[in-house]
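Structures follow.
In the two complexes below, chain A is the common chain; its partner is chain B in one and chain C in the other.
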Partner chain A sequence: MTFALFLAACGSNNSAGGGQDNPAETAGSANTSSSGGDSAAGDKLTIAVVPKLVGIPYFNASEAGAVKAGEELGVNVIYTGPTQADAAQQVKVIEDLISKQVDAIAVAPNDAAALTPVLKKAKDAGILVMDWDTHADRSVVELSVNQIDNQMFGEHIIDRLVEHMGDSGEYAIVTGGLSASNLNTWIDFGQSYAKEKYPNLKLVTERIPSDEKQQVAYQKTLEILKAYPDLKGIAAYSTVAPLGAAQAVQEKGLQNTVAVVGTALPTDSGPFLEDGSLDVAVLWDPAKLGYLTVYLAKELLEGRAVTDGMDVPNVGKITVASDGITVVMGPPSDFTKDNYKDFDF
Partner chain B sequence: MRFSLYEKVLLAVFLGLFGLFALTAPNFLSETNLKSMMVQMPELGLISLGMMVVILTSGIDLSITYISSLSGIAVAWGLVQGWPVPLAIAAGACTALLCGLFNGFFIARIGVSPIVLTLGSMLLFEGLALRVTKGGSISGFPESYYVIGGSSVGPIPLPMLFFIAAAIVTSVLLNRTVWGRSAYMLGSNPTAALYSGIPVRRVLIYVYLFSALMALIAAVIMTSRYNSGKVDYGSSYLLLSVAAVVLGGTSVRGGSGTVKGTVIGVCIFQILSSALNLYGLSPHIVNVMMGGILIVVLVANYLSEHIKHALHDIGRVLTGKASASS
Partner chain C sequence: MKWLNTKEGGIFLILIALSAVLAVRSPVFLTMENMIDMLKTNVVLAMMAIGMTLVIVIGGIDVSVGAMTALVSVLIGKWMVAFGYDLSVVLLMSVAGGAVLGAINGWLISKIRVHAIVVTLGTLSIYSGIAMYVTGGIWINNLPQAFIDFGRQNLFGIPMSGGTLAIPIQVLFLVLVAAATGYMLKHLRIGRMIYAVGGNPLSAERAGIRQDRVQLFVYTYMGFLSGLAAFVHTSIYRQVDPSAFTGFELQVIAAVVLGGANILGGSGSVTGTLLGVALLAVISNGLTLTHVPSFWHKVIIGLFIVTAVSFDIIQRKRRERRLAKIDVLQ
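This part shows the complex of A and B:
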């Protein structure tokens, strides 16, 4: 089965690839394309998936999904990104991918505006440009792969928070970084929803940044707990902020008085879910997101359309918005004490 | 141009790596890659030049990348208000020079240690930048501004020309002016510098102003290239610039170091990062390689100096003379 897919991928790419190459490069690569096994590997589609940064659990999980898709679908997957969440570094990575002449680049931008020029350059070089996880500039992407609907997700987190702290009282928000646009979007949707639906909730202070670091989130939470002794809940955004917040609550023994709800990975959350210092983690499966990104890139490269309600193997049915480029993977998943062991990311 | 022994070794390392990558890294010599390397290098290069001049005086400027982002934000803010490009850049220049003056004043006049003061000003500038932008980016520039980061003169990208010009100017300032020579002297022996009548405070203030100026030029290139101004642009260059300067042969104790060395150091980091990306290696490996090369070159340099001294001492003992002709 995999072998058949592999052959199909090679076959369709032979013609597409030949058309894109400029004459000089085709002449240059002609030497190698005559030998058997090598040329087959060389003719496979190459799809580059660029995360915001490499080496954190969330993006490691999506890497696993992207790589799995590469193996199953018979395409080369390059998963590479900056080692710090710096847009300048991310631009460099993309420039190098353009030099490498990949077929598609799917990027999770650290900063959408910063990537627009380099993504235009990629597009001009004949590369398929997509975004995943976080939006890039709409005018430069052919497809935008979203894990969830942002509004639904922002409201869902507030609902879960209320479920654990009650619909009145003081709460605080700890976020990964003040400049992360997806985190800000969820918080904003959540805030306007909370104001309307739960008027007795009181946000004690502005959202508190934690530099995408567990240690920082932990320290800031200790400070909040000290400054606001009546605090009843904390909503933490970014995959490490909830862990830091829960760690602080755990250390102070406040599991039963302060509810913590956040966007964390189930395996990392395990120890905190066990004793109730983290009440619920809300997220999606990043491995599926990585898989879906590679799958859809391959569909587009091979000239097939991405349609609403399409059934993607290993992922399920996806929705495509009326603009034709916004894809949503599905509803968010809740990870609790009872189910976190069922997930391996 | 004359090269010291260390610089010759460094140049050989650069040429060796370049040859190796040209032969083995796919598309390394392609026009796209050569161009993108020349576009990428100037940002780190300019910040490294600013950092080098500070390190020469046995200081360090930990706030340099945030001076860069704060002045970039000032430029971006000006542009979004509809100011003409030169005026917006002037606003950025004022911001950068104020930051440099702030550092220089406290270090030179009050005598706060550079590492502590610039650590403080780093947080201060970052905080200001966050306050102004609320963490988001400022974008929506006129088309004419993209010319700075996006155009080329012949085959050479404009940012690269800025970098070359800045390197030449820095070299001339350091070697041919009283200020430059004083900076070296200040780094090798501050007490002697003071007693020989060098206006130590003024020299130091100009050193921090100079590093802020380099940060500004880097900021102009970055805002143009990234189409926006934001707090964390270039933040990854901070420690990388210290590493490039040290790899370039500048002594962290101050007093010695050259622009040539720093430029070669920056070039080595650039071809390493591009080539390793072309190989498709994990970005963590890129950091490991950069760290590894830095340590190997520095240890080799340290050992070779010690062996030279040891041989010299043995020679003196054998000939039984106090000061052999060396």
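This part shows the complex of A and C:
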């Protein structure tokens, strides 16, 4: 899970519309946005949300969600983070927030262990400490906001695959890397689910690694399409692999013969979703995640408990694990030909 | 068949033997379609390996090739999104940009006399760092349609049973690069100087060859080819991933070494390197086609590299021993 976002963040893309105007500018400046009026520092709650880095589409989307929550819920939201995915810079950002005496800090750590001391310091200063998107040290956080449940996510991908290839036939798995633990978790959950629920699905070979590179996924997919001529579906994991797999299917004109389902970002997937070479991209919506983080911080600060099955406006029903700390936002989002343009990450 | 006794001939025989085995085990291996796919997915590797051959022949190394290619693809990607596509402008920008990056390597190595691996490790980090900074790690897409169309062109179609088979335009770049570099190494003064410097720097200097100039030329040429590779790569994948070439330098070097170049300098050829690339491509392709589980692929490729190189060195030592004996008798 720690890796999940990082992959998403790295593979993320400029938005179809205005995103092309020099991302270097946004990436280069320490980008801080706040909402709810700075003057009201008195009795209004101030919630700080710290991403891994600012200026990339994924975290811009979550920023929009967090700011929206601030406006709707009447709290100050400070969304600030390092300009690179760097733990040391993130520590500095959090130190600044401590001296500003914010009420809550929610952080997506670049390196969980490196942040533990500064998060302890924040806790000692009476600040509510949470993590979001990626786990921090369990002992210092009061709430951990997760985008998805790994098992649900793994099973969801298989369900989508079956929806597009049918519940019998040969399929293959292309993954980012054989040692990427988050990807392996999703694949493993998906595999045991597929064996039980869809016994007529046949995995033709071991998962095929693509080194997190589009060109490798493309090359490997060309090969498996020839090696297994009866192939009906490909499940591709990591934000890059589905694009390479879809490109191979596209160039061979097999859009209607071979279904491709994968964990890609909607803007990257556009060209492949359009002609059906990628049938559906499955991920989560970072804007919702930003919104949920601020919402839950406010709940805790105002002394209300976060409970399993509670209904969060704009997000839906959330689940809370039995440890009382781990919150899961809900089912993953499907990006298809019809809706991918609505997202800008 | 004298050629078969040369180093290149040996690699060629291995390639043929391997292909024969694969053809028996997989009916699709020898199809034209598979050959073209293999060619298309390896042109970038082949172009960069040709440049690396020169670097290795002069006894150098360049681990910044992947970073140079990544940076140039980011440069042309940004340019095209901002200013649109014009073949000559973008092509010129690719090769000039690459040549400048290569010249920086060459200058540091030849004039400041820092060891090549130190220089290029440094520039690897700098070039890929800049590519990351400029993009923020984000892919560049929305490349102009005209450029995408250019990348989809085919040179000519070969009529086949079940439709025509077309040669992708990217192959043309490889053919030109291979022919030009091969000619240069064999027939031009600079080519002979490259072998002289690599074979024995001292004698080369005594013969009046300026080692620093040869080095500067070779690293600049490597950059030039990395830039061209960036153009070709982008034309195939139509999106720019700033981290697409992380670790790619190792594949490039492996192909050159597999192609029979001596890592200590002095020998290596374009033909050998092309065979090395072909061998890598065939192994990787063949393993998937013959249903070998992916966990084994890297191990098998590594075994091939180690075996081929050890075999080559053992052969060379044998030859040298024979040579020494003759010397004594005389």
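General observations
Going forward, the second predicted complex is superposed on the first by the 174 of 345 C-alpha atoms of A that agree within 3 Å, B and C clash if a C-alpha of one lies under 4 Å from a C-alpha of the other, contacts with A are read in each partner's own complex, and residues count from 1 in each chain.
By definition in this document, contacts are C-beta pairs under 8 Å (C-beta built on N, C-alpha and C of every residue); 3 or more make two chains touch, one makes a residue touch a chain.
Everything quoted here is computed from the prediction, not taken from an experiment.
When the shared chain is aligned, chain C comes close enough to touch A:267, but chain B does not.
Contacts of A:223 after superposition on the shared chain: chain C is touched, whereas chain B is not.
Judged by the touch definition given at the top, the superposed model places A:214 against chain C, while chain B stays out of reach. In the overlay built on the shared chain, the residue A:178 is in contact with chain B and with chain C. By the touch criterion defined above, A:322 reaches neither chain B nor chain C.
Of the two partner chains, chain B is the only one touched by A:100; chain C is not.
By the touch criterion defined above, A:81 lies against chain B but remains apart from chain C after alignment on the C-alpha atoms of chain A.
By the touch criterion stated above, A:55 is placed in contact with chain B and with chain C alike. For the contact definition in use here, the residues of chain A common to its chain B contact set and its chain C contact set are 55, 85, 178, 209.
Within the complex, the chain C residues that touch chain A are 26, 28, 31, 33-34, 37, 41, 44, 81-82, 133-142, 233, 236-239, 241, 243-244, 247, 284-285, 288-291, 293-295. Chain B meets chain A in the complex at residues 26-27, 30, 32-33, 36, 39-40, 43, 130, 133-137, 139, 146, 149-150, 222, 225-228, 230-237, 273-274, 277-278, 280, 282-284, 286-287. Contact residues of chain A toward chain C in the complex are 9-14, 16, 20, 23-24, 26-28, 55-57, 85, 178, 204-209, 211-215, 218-220, 222-224, 226-227, 229, 240, 243, 247, 267-268, 270-271. Across the complex, chain B is touched by residues 54-55, 78, 80-89, 91-93, 95-101, 110-117, 125, 177-181, 184, 209 of chain A.
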